[in-house]
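In the two complexes that follow, chain A is the common piece, with chain B as its partner first and chain C second.
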Partner chain A sequence: MKYLLTALLTGITALAFAQSKFFTRNGTVTFFSSAPLEDITAKNYSTIAVLDTETGNIEFSALMKSFEFKKALMQEHFNENYVESDKFPKAVFVGSVRNLSMVDFNKDGAYDTEVSGEMTIHGISQRLTAAGQIIKRGERISLQSKFILKPEDYEIKIPDLVRDKIAQEIEVTVKAELEELKR
Partner chain B sequence: MIKNYFLLTSLLLFGFHSFSQESLLDLLVEEERTEYTTASFKTTRIINTQSIENLASGVLDLKISHRFGRVNRGINDFFGLDQATIRLGLDYGITDRLMVGIGRSTVQKAVDGFAKYKMLRQSSGKVDMPISLSWYSNVLVVTQDFPNPERDNEFKHRLFFTHQLLAARKFNSGTSIMLMPTLIHRNLVESTQVDNDVLALGLGGRQKITNRVALTFEYFYVLPNQIDDIYKNSLSLGFDIETGGHVFQLHFTNSLGMMDKQYITETTGDWGAGDIHFGFNISRVFTLKEPKRKPNE
Partner chain C sequence: MKKTMLILLFAVGIGSGIAYQQYNKTVDTIEDEEAKGFYTAVDLFHQFSSDEVGMDQSLRGKVIEVNGNILEVLTNEDNSQTLLLNADQMIFGVKCRLDPSVNQLPTPLVGETVFLKGVVIGMNADVELNQCILLK
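== the complex of A and B ==
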């Protein structure tokens, strides 16, 4: 009786954990700023993403210092002057897939989705809704999304002097290839 | 017995419950990584002296440095601004750890060349390193006429060498301090009374005021009984202002020369007497070679 109950409870617990979580540590986040004087691109190759296919919850975390720029000085200024990486080392998104019922994780295919949640950058949290795609292929799940962020929404100040070099709207592209999280 | 079941059940349920409340990101054990300290100083110089910073690989830095006359010359000389001496320099980052540079100074019509290599990088996390350490060596060729033409002068008497260790620590995002034990070898000195080798210890630092403006200082203490008494220790105070691709450094110093042997062993200005030179360095960087992994691929 005692063993049966223990086994049952353990079984239930294990079941609840099993096979519904997918993750990566190598997601890419690219941002692109197009301004009259300069186009700036930066890429983060080590973004963490976790998706729970059962609840539709999805989370991203990117280290600000891992954004790579073409110009070393730009990268330094990004960290030192704009996002203040020492104080706010990460950008984090916590949200959920709104139309989860449209996604069949048992069938290969590309599903258009909308994700909404809270984006935290530079210590400031903002609601964010972004359109994207969930692509199920075999054992893997790919995520793709593109959306616009405004630095001023996150209290990232851009001096007038460099106004013509940094756009007021930054285009962000997210790509992540997730695999099953085995525990 | 019943009690035990109850305990077990509630433990498991509680465990399950708390688990479902957790953030998904917490499921991943964070990999410990090494975080290297960056931007201890705004640019590769504090004022006259080298800072712990290196240019990134493939970056060219054009440096234009001015020192004006002494401010105590008064209004007749527009507080020294009538007289300007300059150094034009080009620095280049060969790798992220090795940079080289050349320059030409008005003072003594000197041409210089240097190399700086970063041996240790301050870091925290997986690799914990309290300081950054660099090696700096410089050769300076004085091309102006020899002070004593009757003497049997050869080319080697134009050469001066500096070797320096730079040990820096960034204490927090705003404060960095650097120690610089320095050896200067002079192939030609004024008299047999003074040494060819001069040992000095430098101290430098910066304190950020805002994200783009920082206060800087540097001081060189020459160990006693090595150089003539007329020479003073070099003390410079200034600030760094950074605007996009430029860094402006404005400062006050009792040294006129901008190269190591000139400001460390040949400073004649006395701060107390107002022998202070106003000066500035302008740095403009050009990225000649982009990193191999292009971010916009």
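== the complex of A and C ==
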């Protein structure tokens, strides 16, 4: 699969992108972990997302250090001990909308979709399929999805000392409002 | 014996208090932090494009000052704002998320030149800075 972001970076002219590529640089990804002792939430407001409405190819990319926690210590532990952000700075999802024919990008509306692809976190890539919604409203396209990730699938080790503070499954919510790429 | 117990209890109390405070401490703003360097948005982007690994090693997590021309003012999901500074590129630039917990100067307009400081996060198509504070 051709990586959309890579294509953007290699400098294909803006004209080639007109009409079918939608983009945002401030999508939101939220991690939520619910455990008996404490709920933990982290948000990233700088996620890049690209959607090709012709092919259904979709890509998200976020820097791990952009995740913001309420507590400084949690943010530090997340980056240094769990996801090792210096070593593995990005989380990337590359996939496609499986039921693209159900989405009419010329008509406003909310379309239930399923996205399938490869998620890479902590240097480990795993297949991921998630339900979501594509909402077409005027010139904009909103993407929304909620799915579960298991830290152990990405070889993220949680020390025994805090294992009861962090859920075995992390709920991930993605929200992005894309605009047609014009520049 | 009683005196020793009291001292021990006092020490445990103090220790627990400090631990609790540290555990609940929120992320500090960078208002009082001195910038480790000054870059124009064009230079910063150019240097990251030429040597991302080297720039990551020297600048990631550091506070720097940047100046540049505003290409876009983005409103985030939490109603905070992100400024995209022009880096003489077709699509990407230097992206600065303004710290919503800081009393910022009025949001500048597209086309204006700004000076700000922020924490370098890295390069993800754009060069990203977080916890940014508008200086002028």
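We take it that the second predicted complex is superposed on the first by the 165 of 183 C-alpha atoms of A that agree within 3 Å, B and C clash if a C-alpha of one lies under 4 Å from a C-alpha of the other, contacts with A are read in each partner's own complex, and residues count from 1 in each chain.
Going forward, a contact is a pair of C-beta atoms (placed from the backbone, for glycine too) under 8 Å apart; a residue touches a chain by one contact, two chains touch by 3 or more.
All values derive from a computational prediction rather than experimental measurement.
In the superposition on chain A, contact of A:48 is made with both chain B and chain C.
In the superposed model, A:62 makes contact with chain C only, not with chain B. Shared-chain residue A:175: touches chain C; no touch with chain B. In the superposed pair of complexes, A:86 makes contact with chain B and with chain C alike. Looking at the shared chain after the overlay, A:72 reaches both chain B and chain C. In the superposed model, A:26 makes contact with chain C only, not with chain B. Annotation for chain A, partner touching more residues between chain B and chain C: B.
The contact surfaces that chain B and chain C form on chain A in the two complexes overlap at residues 5, 9, 23, 25, 43, 48, 61, 65, 68-73, 86, 181, 183.
Touching chain A in their complex are the following residues of chain C: 22-28, 56, 60-61, 74, 76-78, 80, 82, 84, 90-92, 95, 97, 121-122, 124-126, 128, 130. Interface residues of chain A, counted against chain B in their complex, comprise 2, 5-6, 9-10, 12-13, 16-17, 21, 23, 25, 30, 32, 41-43, 48, 50-52, 57-59, 61, 65, 68-73, 76-77, 79-81, 84, 86-87, 92, 94, 159, 161-162, 165, 181, 183. Against chain C, in their complex, chain A makes its touches with residues 5, 8-9, 11, 14, 23, 25-26, 28, 43, 45-46, 48, 61-63, 65-66, 68-73, 75, 86, 89-90, 175, 181, 183. Chain B meets chain A in the complex at residues 1, 4-5, 8-9, 12, 15-16, 19-20, 23-25, 27-28, 31, 35, 38-39, 55-56, 59, 172-173, 211-212, 242-245, 285, 287, 290-291, 293-297.
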